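Each of the next two complexes has chain A plus one more chain, namely chain B in the first and chain C in the second.
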Partner chain A sequence: MLAAILAAGLAVGATYALIGVTYNIMFSASRVMSFTAGQLGMLGGVLGAMFISRLHLPILPGMVLALGGCALVGLVTEIIAVRPVLKALDQHLYVLSTLGFALMIQTFTAIEWSTEPQPFPRLIGIGEGGPWDEKFWLPVLACVATIVGLELLYRRTLVGRAFLAIAEDNFAARALGLPERNLRMASYALAGAVGGLAGFAGGELLLAFFANGSMLNFYGFIPVALGGLGNNKGAVIGGLALGVFQQAANFLMGGVVAGVAVFAVFIIVLLVAPQGLFGAPAARRV
Partner chain B sequence: MKALLPYAALLAAALVLPFFANDYWAVIGARAAVYWILVAGLNLVVGYGGQLAIGWVALLTLGAYTASILVARFDLNPFIAYAAGGVVGALSGVIVGLPALRLRTFYFAMTTLGFATILTQVALSWQSVTGGGIGLPGPTLSPPFDSAWGLYFLALGLAAIVTWMTANIAASRFGRSLIAIRDAEVAAEASGISKARLLTIVFLFSGFTAGVAGGLFATLQSYITPDAFTFDLSVTFFIAILVGGRGSILGPLLGNILLTLLPEFAAPLVAWSTFLYAALLLAIVLLMPGGIAALLDFRNRKPLESHRSIVPQPDRLRALLDHGPVREDIVLRNVVLAFGGVRAIDGLDITIRAGQVHGLIGPNGSGKTTTLNVISGYYAPQEGEAFLGSRVLPHGAPQTRAALGIARTFQTPRVIGEASVLQNVMVGATVDGTASFMEAALTLPRYRSEERTLTDRAMQALSVVGLASLAAVRADRLQHSELRFVEIARALAGRPAFLLLDEPAAGLSTDEINRLGSLIKAIAAAGTGVLLVEHHADLIFDICDHVTVLNLGRELAAGTPADIRAHKEVVSAYLGA
Partner chain C sequence: MSNNGSRLNRRTLLGASAVALAAPALLRPAHAQAEPIRIGWLATFTGPLSSPTIGFDRGVKHAVEQINAKGGVNGRLIEVISRDTQGDPTKAVNATQDVISRQKVHAIFGPVNSGELLATTPIMARAKVPSLVAGVVNSLIDPVKFPNAFRVTPSNAQWDDAVRNYCQNIVKAKKVAITADATGYGTSAHDDSMASFKKAGFDIVYDGVIDPAQPDVTPDLLRAKNAGAEALVSWTVSAGMAARMMNARAALNWDVPIVGHPALGTGEIGKLVAKPEYWEKVYQVGYRSCSYGPDGKLPKANQEFVDSVRGKMPLADTSLWWIASGVDAINLIAEAVAKTGSTDSDKIIGYWNTLNMWPGLYGHYSFSPEQHNGFLGTDVVMSKANTQRDGAFDLAPGYV
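Let's turn to the complex of A and B:
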C-alpha cells in the first residue's frame, strides 16, 4: 500500500515538477507565465504515441522527434503569443494571448488526434505491474536528469550564464550586448523540450490524452506557486510533495476528498504566502 | 436616449423571433439568453473589474446541480430551486473570487481554472448525489414555461432584467470604482475605494447570476452530466466579454450573441468552434484590444481642438469646498523609514497646518515623496507616527485616507485612460457615496439624487481646474499637462481637508505653472491645507506659507520662504548660488 502510494505519488509528482520547471524557464526568459506549459506536457505524450505506436518509429528517434516537436511549439509560443505583448507586460495581455494559443493547441489535438485517451507504448519493459514498474520511475528519472542538466547548463556553459543574466536583469543584460531575443527564443524552445519530456516520460501513466493539457496546466502550476516563481528547486520539492499528497489522499479518502483537499491546500498556501514558500517579496508600487 | 437604441433593437428582434422561426431557434435563443445571464454578471468581474476569472463555468455547474438535485430529490418548486442555485453560486463566487484580493492576474486565473477542474472531478465521483457520469434530470417547468418558446421568454425576460441591472451598476460609482481598480489601482486606493468590499459585492452578484443561469441551463438541457460543463464553455463566456470589449455592456452582449449563433450558421465548423474562438481571442488581444466596443465608439474618434489652454477658475472653489473650517493639522513625529540599509526618512518632525500651503523641497532622494507616502498610508513608518489632529493615521491603509479628508496626486498621473474625464473625477468623490449596491442596480430614488450630486460636484471640480469642456472625452486622449489638472480635480471632488501634491508642476509650461500657483493659493484660501512637493523653487517661494527643506531624510531647514532663501546651507546644498 505504502509502496504503491509512494511510487504513484513520486511519478505524478515528478511530472508536475517538470511542468513547473517548464513554467519557470519561460518565466525566467520573459517574465511571462504561459498557459502553454501544460499543453507541452500533453503534446509530449501525444507526439510520443504518434511517432512510436502509430508510425512505428524506434523509441529513440521517436523520442527525439516528439521532444523536437514540443521545442518547436515552444518556439512558436514565443513568436506569436509572447513577443507581441511583451511591451505591454504590465497589462497582463500575455495571460490572454497564451491562453488563446494553449486552447488552439488543445482543440487541434482533440480533433486531429482523438478525444479519447490513447495508449502510450511501453518504452523498456521493466517491472511489469509492481511498484518498480518503469511507468513509475521513468518520470522521476527524467526529472532528475532535467534538473542535473539544467544545473550544468546554467553553471558551466556561457549560454547558460547568459540565460541567468537575462533572468536576473533584462535591461542590464541587453546593455552588455547579449542577444536577448535569441536567448528568449532558445529558452522557449528549451522549455518546450522539457515540457515534452514531462509528458513523454509520464506517458505510460497519463496516456496520450488531449485533456491532460489543462490538467497539467493546473497541477504543474501548483509547484511553481508553492516554490516561488522561477525557483526550480522549489518546483521540484513542491511537485513531489503535491504528487505524494494527492495520491495518498486518493488512495485513503477517495477522489472527491483528494480533489477538494489539493485545491484547499493550494488556496491556503497562496493566501498565506503569495510569493510561494521559497519566493521573494513583491516590489514597491508607488 | 440614443445609447438605448441598440438594446431596444435587440429586444425587438428577440420579441418578434417567434413569428419567423421554429422551435429549434427557440432553443438557440434561450441558450443565448441563459449564457448572457451568466456573462452579464461575469462582465462586471472581467470587463469592469479586470479580474481574469476564466473558470466561471464552475458556478454554472454548481447552480445547475443545486437546482436539479433540489427538484429531483426534494421535489422543490423549480423557481425556488433556481434561486437556491443562485445563492449557492453567489457564495461560491465569493470563495473562488476572494483570492483575487491577494493574488496577481495569472495566479487568480489559475485558481478559477483549478476550481472548475476540481468541481468536474467531484461531480463525476460523487455518484450518490450527482449521479456521476450518468447525470440527473434538470428541473421541469409547468405551463406556460414548459414549451420551447415559454422557456425562451422566461430566459429572455431574466436576461433583460440582468442587462438593465448591470448597466445601472456599470454607470454607478460601483462601476467607476471597478474600472479604477482595474486601470489605476493606486489612485483608487487614494480615493477611498476598498477593493475587498467592492470585489466581495461584485463576486456575490456575479455568482448569483451564474447560479441562476445554471438552473435555467439544466432545464434547457433537460438532463445534465459533468460533460455538459466543459472548460470550452467557460472559455466561450470569457472570450465573449473580451471580443465585446472591456468596460462595455453592449459589446459583450453582441459578443455573446455572436459566439452562441456562430456555430448555427457555420455547421461544418461546429467541431472547430472552440479552436476558432481561441484563435479569435489571440487575434483580439494582438490586433484589437478594445474589442467590438472600441469599433462602436464613434464619439471618441472626433478630433479634439488642437490648441487648448487650461484656464482654472479658482473663484468657484468656495462653492465646491464647503467643508467648514478645518482645525486639525497633520503632524509627523520622529518618523523613521528605512528601505533595507537606506534610511529614506530619518527622524522627521513636520507639521502641516490647516489652510496653509506647505512646501517640501530638497534634492533627489531626500525623502520628499516618501514623506508623502507615509502620510497617505502607502508606507508604514518603522518608528514614530503620523497624526491628523490627535488621531494616529493607520499604517499601510491608503484606502482610509480619503474618508479622513486627505487627498493626493501622483508624480506620474494615475488616470483611468479608458474612462471619460468626468468619470475619472467622479472617482474622487466615491467616498461621499452612500447608496448601496442594490439601490444602484435598481436605480432607486436615493441613488439617483446622490448620483446627480456627485456629477454636479465633479463638474464643479472640473470647472475649477479649467477642464469642464473636456468632461466627456476619454482621458487617454488628453495631454500630459491636462492629466495633471484632472488629478487635482479628482482630489478636489472629494472635498478634502488636506491636499498632497507630488510634483504637480513637472512637465507644465511657464504659463501653466503660474495658473497652477494661483489655483493652489486659492485652494488653501478656501480652507484646504496643501502639502506641495516640488522642484520648481520659484513656484515654492511664490506661493508657500511655510517651507521645509529635506536632505538625506532629515530636516535641513524650515521657515518662511524668506528664511529659506537666506539659509546658507540650503543655498549651497540645493538652490545653488
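Let's turn to the complex of A and C:
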C-alpha cells in the first residue's frame, strides 16, 4: 500500500520537479517566468507518442527527435514571446506573451493531434503495473539524470559557467563580452529539452494528451515557489514532496478535497517562508 | 367575321398563354407545392464534443431521405435546418433563436448535450416550439414549465437505476465505491447516484470526485479496495480517467467489476488500457434495442435496420443508439404531422402527449401531459464494455 503511494507520488513529483527546473532555466537566463513550461512537458509526451507509436521510429531516435522538437519550441518561445518583452519598459508583459504562446501551442496540438488522450508507448517493458513498473521510476531516473547533467554543465564547462554568469548579473556578463542573447537562446532550447524530457519520461503515466500542458504549468510552478525561484535542487525536493503529498492526500481524503489540501499546504508554506523553503531573501542595495 | 375571328384569336391566344404559364406548376408533383416541414437540428457538429453528433446526424439524414423518397408527409417534404452549436451554450442559444425566429421551424431536435439544453430549453418553451430532448440531466424535463419538451433518451435517473439494479441483482454487491469525474456532469451524477444507492440500502464504502487529469488513480482505488468495495461505480465521460481506473485495478490485482457510464465502452479506452484484458469485467449502460443477445443478434427491427444500411452508412466508428435516436426523432415529428395533418405546435405537442409504447428503433416512448420522460426504463440495460461491433454491444452477463 505504502509502496504504491510512494511509487506514484515520486513519479508524479519527479515530473513536476522537471517542469519546475524548466521554469528555473528560463528564468535564470531572462528573469522571465515563461508559462510555456507545462506545454513543453505536454509536447514531450505528444511528440514521443507521435514519433514512436505513429511513425514507428525506434525509441532512441524517437526520444531525440521529441526532445529536439521541444528544444525548438523553447527557442521559438525566446524569439517571439520573451525577446520583445525584454525590450519593453514594462517587462511584466511576459505574463501575457508567454501565456498567449502557451495557449497557441495547446490549441494547435488539440487540432493536429487529438482532443482525446492517446496512448504513450511502453519504452522498456519492465514491470506489470506494480510499484516497480517503469512508468513510476522512469520520471525519477530522468529527474536524477537532469540534475546531475545540469550540475556537470554548470560547474565543469565553460558554456555552463557562462550561463551562470548571465543568471548572476547579465549586465556585468555583457560587459565582459559574453554573448548574452545567444546564451539566452541556448538556455531556452535547453529548457525546452528538459521540459520535453519531463513529458517523455512521464508519458506512460500522463498519456499523450493536449490538456496535460495546463495541468503541468500549474503543478510545475508549485515546486518553484516552494523551492525558491532559480533553485533547481529546491525545485526537485519541492516537486517530489508535492507528488508524494498529493498521492497521500488522494489516499487519505480522496478526490477534489485532496487538491484543496495540496493548495492549503502550499499557501501555509509560502506564508511561513515567502522566499521558498530553500531560497534566500534577495539582497537589496540600500 | 374577321372581327369575330380576331376576338376568337385573341381569346385563344390569352387562354393559351395562361395555360402555358400555368403548365409547369400543374405538371409539378403535388407535394412540392406544399410548405415543407421545417425541423431545426441543433448539434455539436465540430469540436471536442462532436462524436455523438456524428451518429445522431447519420440517423437524422437517413430518416429524412427515407420519408422524402416516399413523397414526404401528407405531400410535404421534410427540410432539416442544421446549426452547429460547437458544444458551446452561447452558440446553442443563438442557433435556437435563429431557427425559431428566422427559419420558423415547426419542431426542434437537439442540442444533444445537457449543458446546452439547460440554456436553450426555456427559450424553446417561451416560443412553444415542440422539441425533442436528447439530454440526461433530470431537471431538463418539467411538463409544467416546459410543456413543449419531450425527452427521447433516458434520464440520468434511469441510467442510475440500471447501474444500481445491476449491482444489486446481478453482481450481488452490498458494498460499493462510487467515483465520478470533477466536471459539472460528473458531480451531479455522483450526487444523484449517492442518494439512490443509499436509498436502496447499499453500504457506500468509498466515494470520490476525481480530477480527470489526475495522472494516477491508484490511491483512490486502493482506498476503495481496502474498504471492501464489491463493485466500482464510475460516472465519467473521460476515456483517460476510465482507462487509468482499469489499469490501476489490474495493478492492485483486484477483479472488482466496474459498472457505469456509457463512456466506459468508448473505443479510445481500448487504446489506453495497458493490456486488452484489463477491459474485462467492465459493464456500461446500454440499450436493449442496441445490444446483441446470446444468439449474437440484435432485436429484429434493429437487426433489419443494420442489415439494410450496412455498407451504405458507417457503423463501426459510432454508437448504434445515436443513429437509432436520430431516426426516431425525425419519425416522431413526421408521424405527429401525418396523424394530425398539421404542423401547428399545439397539434404536435398534443399528439406526442397521447403516445403509449410507441415503438422506435432506439426504444419505446410513452408520454402524457404529466410525464415527458418518455423512454421506457426497462429498455435501459447493461452491456459488456469491450464488445462493440457495428456500434452495438453484447448484453452484460445476467440478462437474457
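Please note the rule applied: the second predicted complex is superposed on the first by the 277 of 286 C-alpha atoms of A that agree within 3 Å, B and C clash if a C-alpha of one lies under 4 Å from a C-alpha of the other, contacts with A are read in each partner's own complex, and residues count from 1 in each chain.
Here is the rule we use: a residue touches a chain if its C-beta (ideal position, glycine included) is under 8 Å from a C-beta of that chain, and two chains touch if they have at least 3 such contacts.
The structure displayed is predicted, hence computed values, not measured ones.
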Just from the overlay, do chain B and chain C fit on chain A, or is there a clash?
clash
Who does A:215 touch here: chain B (first), chain C (second), both, or neither?
both
Classify the contacts of A:225 with the two partner chains as first (chain B alone), second (chain C alone), both, or neither.
first
Return first, second, both or neither, reflecting whether A:133 touches chain B, chain C, both chains, or no partner chain.
second
State whether A:4 touches chain B only (first), chain C only (second), both chains, or neither.
second
Which superposed partner A:254 touches (first chain B, second chain C, both, neither)
both
Going by the contact definition given at the top, which residues of chain A touch chain B in one complex and chain C in the other?
215, 254-256, 259
Chain B contact footprint on chain A (complex, rising order)
33, 80-81, 84-85, 92-93, 95-97, 99-104, 107-108, 111, 214-215, 217-218, 221, 225, 254-256, 259-260, 262-263, 266-267, 270-271, 274, 285-286
Residues of chain C defined as touching chain A within the complex:
47-48, 182, 206-211, 213-220, 222-223, 226, 239-240, 243, 247-248, 250-252, 268, 271-272, 274
Contacting residues of chain A [partner chain C, same complex]:
1, 4-5, 8, 11-12, 15, 110, 115-119, 122, 128-130, 133, 202, 205-207, 209, 211-212, 215, 247-248, 250-251, 254-256, 259
Applying the document's contact rule, which stretches of chain B touch chain A when the two form their complex?
52, 54, 99, 102-107, 109-111, 113-115, 117-118, 121-122, 124-126, 185-186, 231-232, 235, 242, 271-272, 274-275, 277-282, 285-286, 289, 369, 373, 378-379, 410
